[in-house]
Amino acid sequence: MIRPICRHVSRQLASKRPSIPLPSLTNSLRTYSAGAAPSSLAPQPFKWEDPLALQTLLTEEELSIQETAESYCQERLLPRVLDAYRDENYDRAILTEMGSLGLLGSTITGHGCAGVSQVASGLITRAVERVDSGYRSGMSVQSSLVMGAISEHGTEEQKERFLSKMAKGESVGCFGLTEPNHGSDPGSMETVAVKQEGGGYKLSGSKTWITNSPISDVCLVWAKLDGVIRGFLVERERCPPGTLETPPIKHKTGLRASLTGMIHLDNAPVPEENMFPDVTGLRGPFSCLNSARYGIAWGVIGALEDCIARAREYSLDRKQFKGNPLAKYQLIQKKLADASTDAAYGLLAAYQLGKLKDEGKLAPEMISMVKRQNCDRALEGARKLQEVFGGNAVSDEYHVGRHVANLFVTQTYEGQSDIHALILGRAITGVQAFV
Amino acid sequence: MIRPICRHVSRQLASKRPSIPLPSLTNSLRTYSAGAAPSSLAPQPFKWEDPLALQTLLTEEELSIQETAESYCQERLLPRVLDAYRDENYDRAILTEMGSLGLLGSTITGHGCAGVSQVASGLITRAVERVDSGYRSGMSVQSSLVMGAISEHGTEEQKERFLSKMAKGESVGCFGLTEPNHGSDPGSMETVAVKQEGGGYKLSGSKTWITNSPISDVCLVWAKLDGVIRGFLVERERCPPGTLETPPIKHKTGLRASLTGMIHLDNAPVPEENMFPDVTGLRGPFSCLNSARYGIAWGVIGALEDCIARAREYSLDRKQFKGNPLAKYQLIQKKLADASTDAAYGLLAAYQLGKLKDEGKLAPEMISMVKRQNCDRALEGARKLQEVFGGNAVSDEYHVGRHVANLFVTQTYEGQSDIHALILGRAITGVQAFV
Amino acid sequence: MIRPICRHVSRQLASKRPSIPLPSLTNSLRTYSAGAAPSSLAPQPFKWEDPLALQTLLTEEELSIQETAESYCQERLLPRVLDAYRDENYDRAILTEMGSLGLLGSTITGHGCAGVSQVASGLITRAVERVDSGYRSGMSVQSSLVMGAISEHGTEEQKERFLSKMAKGESVGCFGLTEPNHGSDPGSMETVAVKQEGGGYKLSGSKTWITNSPISDVCLVWAKLDGVIRGFLVERERCPPGTLETPPIKHKTGLRASLTGMIHLDNAPVPEENMFPDVTGLRGPFSCLNSARYGIAWGVIGALEDCIARAREYSLDRKQFKGNPLAKYQLIQKKLADASTDAAYGLLAAYQLGKLKDEGKLAPEMISMVKRQNCDRALEGARKLQEVFGGNAVSDEYHVGRHVANLFVTQTYEGQSDIHALILGRAITGVQAFV
Amino acid sequence: MIRPICRHVSRQLASKRPSIPLPSLTNSLRTYSAGAAPSSLAPQPFKWEDPLALQTLLTEEELSIQETAESYCQERLLPRVLDAYRDENYDRAILTEMGSLGLLGSTITGHGCAGVSQVASGLITRAVERVDSGYRSGMSVQSSLVMGAISEHGTEEQKERFLSKMAKGESVGCFGLTEPNHGSDPGSMETVAVKQEGGGYKLSGSKTWITNSPISDVCLVWAKLDGVIRGFLVERERCPPGTLETPPIKHKTGLRASLTGMIHLDNAPVPEENMFPDVTGLRGPFSCLNSARYGIAWGVIGALEDCIARAREYSLDRKQFKGNPLAKYQLIQKKLADASTDAAYGLLAAYQLGKLKDEGKLAPEMISMVKRQNCDRALEGARKLQEVFGGNAVSDEYHVGRHVANLFVTQTYEGQSDIHALILGRAITGVQAFV
C-alpha cells in the first residue's frame, strides 16, 4: 500500500519505507539524496535523472513525500492515461485516491489537510505531471484554486464545511473565472450576482475552459455584485434544474485526460453564507492563480523529465545504419543535453520559489518568471525530443506526442507566455505595455 | 461544377471561368496575377496572401489549375476534415473526386493523366495541404510514389494496366518501403521475394507506416530478390487470404485524416510481369521519394498559409482589454510577420525547384534543402501562430492545432529534418557524418 | 584589367572574357549557368556555392557583370580590408576604382551611368559585401541614396551637374537624414532650412551616423523648410568655414572599414537651384532608403556566403581527435546546412525583388520583408558559423568575426529588424502597432 | 578605501561597513538580503536587479565580499575598460590591486589566500565580469588555473614559494595547455620535456591563446615527459634568452582588455623541484579547468546583468515617435524579460554548483552543464539586448557590443558549447559521440 503523506509529515515514517516496489526512477532519485549518504564528501557521480542534484536539497520528509507521490503516479495513473487521453475521459476515482494519500490541498494546515512544505507540494505536482498534465490540472484546480481560495479567503465556517470533504476527494471543486470573450482579461467580467430580498444571491453568466466543471460538486464562481468582483461557492445540490449547467467541452487538442467544461448560470441560488466575506476585486482570484502557477512551474518539468527519460531510452534501443544506436548521433545528444539542462535549471528555480513562498517572501512576478520559463522550456524541450522518435512519434504509445500537446496548453493557460513577458517587462521597466 | 484540370491544360479554358463561387482566398490571389493586369507597371500593393508576388510568376494555365484545386479543396475537403481527423477516418471517395478533376498523377503525360507542369502540380499539392496534410499525403502516395514509380520504372504494359485506373482514382495504390526497425535506413530491408519454379514470385515481410495501405488495391512493395532490391506491384485481388494483410494503425497523434497501416506479406504471390524490369537497388524508391518530397515542399507552405489566415482573422476579431484587437499587440504582429516571411520564401524556393525539375536540372540535394527548410519553417510558424489563439487553441475548431500536429509528422517523414541536414552537410563538405 | 560593366551592357562582350585570372568562386558560379550549357537536361550536380541554382536565372549580361564585380572585389578590396577594419580607415580611392568599372549608380540610365538591371545591381552589391559590409555601405550611399535621389527627384540641371562626376567616383556624396535623437523616427526632424532674402537657403542642424560624411563633396541633407521636409544638395566647396562640419565617429564596433560621421550645419548656404524641386515630406528620403534596403538584401547574403566558404574550408582543414576533420561533426554540418539554406533562399527572394523592381511592381513592404529576413538570417548564420572556428574565431584573420560585427549593424540600420516586423504586421493586419 | 575580503572572512567586519560610496547596483542588491530585514515575512517586492532573490541565499560574509568586489570593479575597473579594450592593453596593476583586496586565489586556505566559500568566489567573478570578461579572464587564469593547480597538485615547497606572491599579485602566472593545432583535444599534445643528466628538465614546444602569457612570471606548462603529461612551473627569470618567448597575439575580435599570447619554449630549463610531483595525464589540467569553468558560469551572468541594466536604462531614456520611451515597446520588454530570466536562472544554477563544490559533491558534468548554458544564454541575451540600442549599438560607449564580442569568446573557450553538449550527451546516454 502506498503510504499517505500525512504519515510522513507526522514523522512516524522514520525507518519504515513503503513496501511496494518503487519505480526505478524513484529509486534512482533516492540514492542521490543527502539523507542517504550524509557523511560522504566524494564527488557525486553525474546522474542524468537529476543533473544538478536537486535531491541534495530536500528534507527527509520531502524525500518521503516524493516517493509516495511518484509511486502512486507511476503505478496507478500511468496505466490509465493512454485510454483516458484517447477517449477524453477522466476517472473521477482519481481524486478520491489522491485524497486518501493526502495529495489534495496538501499545503493547507488543518481541516484534514497534510500541511506539507511548498517544496513538497511542488514535488507532488511534478510527480503527477510526469504522467500527464491533465491529471495535474485536475488536482491543481481542486487544491490550489478551490481549496486554496477557501483556505485563504473563506470564513471559518466555510473552511469547516468544505475543506475536509475536498481534501478526501469526496467533494470536487472547480474555479469559474474565465469568460468566453475575455481570456487574459478577467477585469471585463460579465457574470453578475444579484442580492435577493430574502437573503442570498442569484448568479447569472457563463464561464468557459473550466477544468473539472462537469463533475464538480461546488463551483467557486467569481461574479460582480453591484459592480464589484466577489467569490461565491455555488453548490450543485442546492441548484434547481436549469440554473446550473456544466456541459463538457470535447474534441480538445490537448489535456484530453482532464475534464474541461463550461459553467452556465441562470439565476443560480447561492446562500448568504457562501460568499467570501472580505476579498473583493481581482485580488481574490489572482492570489489563487499564483498558487496554481507555482504548481505548474514544478509540474511541467515533470512532463519534460518524462520526455527525456523516454527519448533517452528510445535512442539507446533504436539501432540504425551500422547497428549504432540513435544515441550515438551528435544531433540526438544535443537534444538530450539541451532538454536536461532546461529541466535541471527549471527545478532549481521552482525550488527557490517554494522556499521563498514558505518564508512569505515570494513576489508574484517571480512566479510569472518561473511559470513562463518552465512552460516555454518544457514545451520546447518536449518538441525537440519528439524528433528523436522520427516517424514513430506519430504513435501515441510513445507518450511524447501527448506531452507536447499538453505542454502547449500549459504554456497558454494561467497566463499565456507573452502575457507573463509583459508582466515581467512592466516589473523591470516600470512601464506598462499592454495594449 | 469544378472544372477538371485537363480542360485547362488543353487550353480550352480561355474566357470561361468556373461558375462556382470561389473562396475569397482564391479570388484574392487571382487579382495579383500578371495575366489579370498585364499592362500595369504601377507598384503592386502588398498583399498579405502573397507577400512576394508568386502569382506574377505563374502561367495562365497554372493560375487556372490553382483555381480549380483551391475551389475543390475549400468546398469539398474542408467541410469533411474536422470529423475525419477526430475519428481517424479517411473518405475513400476523395480519391475518386480528385481523379475526376485530374489531380492524380497530374505531371504524367498520357495514360489519362493531365501532363501539367511541375509548378502546377505543386500548386495542387499546396491547395490540398492548405486543408490538411493527411489529405495531401493520401494524394501524394497515389501520385508521386506509386503512379510516379510506375511511370518512371514500369514496363509499357504495366503503365497501360495501372496508370489510367489510378489516375481516375478507381484503383488505390500504396508504397511499401519502410520497415518496422529501419526508419531512415531502407538499406537494411528484410522483406524478401523468392522466385517460384513455375514463374512469378512470393513475397514475405512487413512494412509499416504505409499511407493508404488499408484501402489499397495495389501495393508497390520493395523487396530483396537474391539480395538485390526490386520493386513489385502486389495486387490485392490476386492474393489468397492470409498472404496480404494491411491492418490500419490507429491512435495517431497527427495525420489522422489519412489512413496509415502496415503491410504484412506471407508468401504473397506476384506474377512475373508485375516486377519493375530494370531498376535495382535503392535508386528505384529514392527517385519517387524525391518527387514526393518535392510535393511536400509546396504542401507544407499551404498548411502554414492556412494558419496565417486563421491567426490573422482571429487576432482581428478577438478584442481584449480596452477593446483593442489582439492584432494590435506587437508580439502578435511579429508572429504573423515571421510566418508570412517564411511562407513567401518557401514558395519561391519551391517554385525554383519546380522550374528546375521541368528543365531536368534538379539535384536531389536541392530537394533535401527545400523539403527540410519548408517543413521546419512551416512547423515553427504554425506553432507560433497557435499561440495567438491562447487558451482557445485547445479547441480543434480553430484548425491550427491540427496543422501543428500534422506538420510535425511531415517534418519527420520522407527524411527527418536532421537526416536531410546530414545529406546537405555531406553535399557541402564532401564528408559523410552518418554514424 | 577588369572590364567596366558598361562594356557588358553595350553587348560588346560576346566572345571575349576578362583576361585576368578569376577567383575560383566566380569560375565555379559560372559553370552553373544556363548559358554555359544551354542544351543539357541532365540533373545539375549540387553545388555548395549556389545550392538552388540562382545562376540559371541570370542573363548573359548579368553573368558578365557578376564576374567583373567579383573579380574586382576579390582582387582589389579583399587585400585591403583587414587593415582598413583594424584602423577604421577607408581608402577614398575605392570609389574612384568602382567608378571606373561602372559600379556606382549602375541602374541609372544616362549621365555616364551603366543602366544595368536591378538584378545586376544586386549582384554587384553582393560581390562587394562578400568582402565587407562597410565597403558595400560606402558604395550604397553613393549609388542608392545620393545618386538615386538625384536621379529620381532632381532637376535635369542637377542631374547634369552631379551624376556624371559621382558615377566616376570623382565626387563623393552622403545622405543626411538621421538625427541624434530620432533614430527610427525621421518625422521628428529638427534640422531647418531658412529662405534667404537674396535667394537660396541657410541650413542649420545636426545629422549623425552618416556614412561617407567626412569625405563628402556633396551632402544631400533633408531639412524642414517652413515645416515641410525638403531635400538640399549641400556642396562643401561652397560652404564658408564653420558652416559645415563633418567630424568622423570613431571606435565603432562594426562597419569599421567604412567612414561614418556627423554633419553639423550652422547656417550653411545652399543656392536656390540645389533644392529638389517637387518632392516634399518623407516620401523623398524613403524612396531612396527603399533602394538602399534592396541592395542590403542582396549584400548581406554575400557576407553570409563568405562565412560559409570560410567555415567550410576551416572545417575541412582542421583536424581533431582521431585525425578527422571538424567537417565530420554532425553539429558542424548542421551549421553549414542551415546557413547554406538561408543564403540560397535569401538570394531567390532578392532576385524576385529585383525582377519586380524592374517591372515596376515592387511594394515597399516586400523590401521590408526581404531586407529584414536576409539581415536576420545572415547575422544568425554568420554567428553560428563563427562557432566552427572555436577559440580561433577571436583572431581577426579568419574574417568571420568581422562579418558578424558588420552584419549586426546591417540588421539595425535602414530600419531595425523589429521596425520592419511592425511594418509587415501593419501590412498584414491593417492595424498599427507602433507605440 | 575598499576593504580587503580577508577582513570579512576573519569576521572582524560586523558592524563596520565600507565607507566608500557604493554604486547603486550594490546598494540595491543589498536591500534584498535576509540580513537586512531578517524578521520580515511580507512578500518581497520584485527587484529587477535580482529577480529570483539570490541575495536571500547569501551569508553575511558573502554579502560583504560581494560589496567589496562590486565596489572595486565599478570604481576602479569600469573607468579603465573602454581604453583598454580599444587599445588591447591590459594594465598589469590590476592584478596587484586585486591581490591587495584578496580577490586572487580567494578560495585557497593559507599561503596568504582568503579562504572564502565557493559561492563568495563566484560572486567576485561575477562582479569582475560585470565590467569585462577580459578582466575576469586575467583573474581566473591567475586564481583558478595557476594558483588552483599549485594548491591542488603542488608540493608544500611549491605552494610556499609561489602562492603567497601570486595571491598578492606580485607574481603573475599563466596556464600553458592549448597548442596551435589541437584546440579541444589536448591529448594530442606535442610539447615535450626531456630529463637532463644533471637534473631538471628542458621543455620545447608551443602553446597558443594563453591569457596573461606576455606578462607572466611563471608559466604552468603541460608537457609530455616520456610520453606522459606532467605539469611544469617555468619561471621566466630562470630562462636564458631565446628559451622562453611569450609574444602577444593582437587584433583580437573579443577579450581585448585581456592579454593573450603564445608560449614558445626552446629547451627552456626547469629545475627538478618545479614539476608537479604526482599528477599525470590530463587529470592535472582538467581539474583546474573545471574550477575555471565554474568561475565562468558565474562571470558571464555578471556580463549579462550589465547588459540588462544598460539596455533597461537606454530603453527608458530614449524617446521615440509620440514621446514614448522605447521601454513601452512590447518587443523591447520581451527582450528584457527573456534576458532577466536567463540571468536569474543562471545565478541559481551557479549557486547550486558552489554549494556542491564546497561540500565536495560536484560532478564535472554539472560544470559542463552550467558553464555551457550560462555562456550560451548570456551570449544570446546580450545579443538580443544589443538590438535595443538600434543603430547606436555601433558606438562602443554603450558597452553592450563589447560584452557581446567577449561573451562569444567565453562560449568557445574552456570547452566550446558543442563540446560540452557532447560531454553531457555521453553522461546522459553512456554513448560517446565524439568523432
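Order as written gives the chain letters A, B, C and D; numbering starts at 1 within each chain.
Keep in mind that, in the parts below, a residue touches a chain if its C-beta (ideal position, glycine included) is under 8 Å from a C-beta of that chain, and two chains touch if they have at least 3 such contacts.
Chain-to-protein mapping (UniProt): A, B, C, D = Acyl-CoA dehydrogenase NM domain-like protein.
Just so it is clear, the model here is predicted, and its values are computed rather than measured.
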{"item": "Both-way neighbours, i.e. chains that touch chain C and touch chain B", "value": "A, D"}
{"item": "Each chain counted as touching chain A and chain C at once", "value": "B, D"}
{"item": "Inter-centroid spacing, chain D versus chain C (mean Cα positions, whole Å)", "value": "40"}
{"item": "Chain B-chain D separation of Cα centroids, rounded to whole Å", "value": "53"}
{"item": "Two or more partner chains touched - positions in chain D", "value": "328-332, 334, 418, 421-422, 433, 435"}
{"item": "Chain B residues touching chain A - in the complex, by the definition given at the top", "value": "86, 178, 181-185, 188, 209, 249, 251-255, 260, 319-322, 324, 328-329, 331, 383, 386-387, 389-397, 401-402, 404-405, 408-409, 411-413, 416-418, 421-422, 434-435"}
{"item": "In the complex with chain A, residue positions of chain C that touch it", "value": "329-331, 334, 433, 435"}
{"item": "Interfacial residue positions of chain B with respect to chain C in the complex", "value": "41-46, 48, 51-53, 56-57, 308, 312, 315-316, 325, 327-330, 332-334, 336-338, 340-341, 344-346, 348-349, 352-353, 356, 359-366, 369-370, 372-373, 418, 420-422, 424-433"}
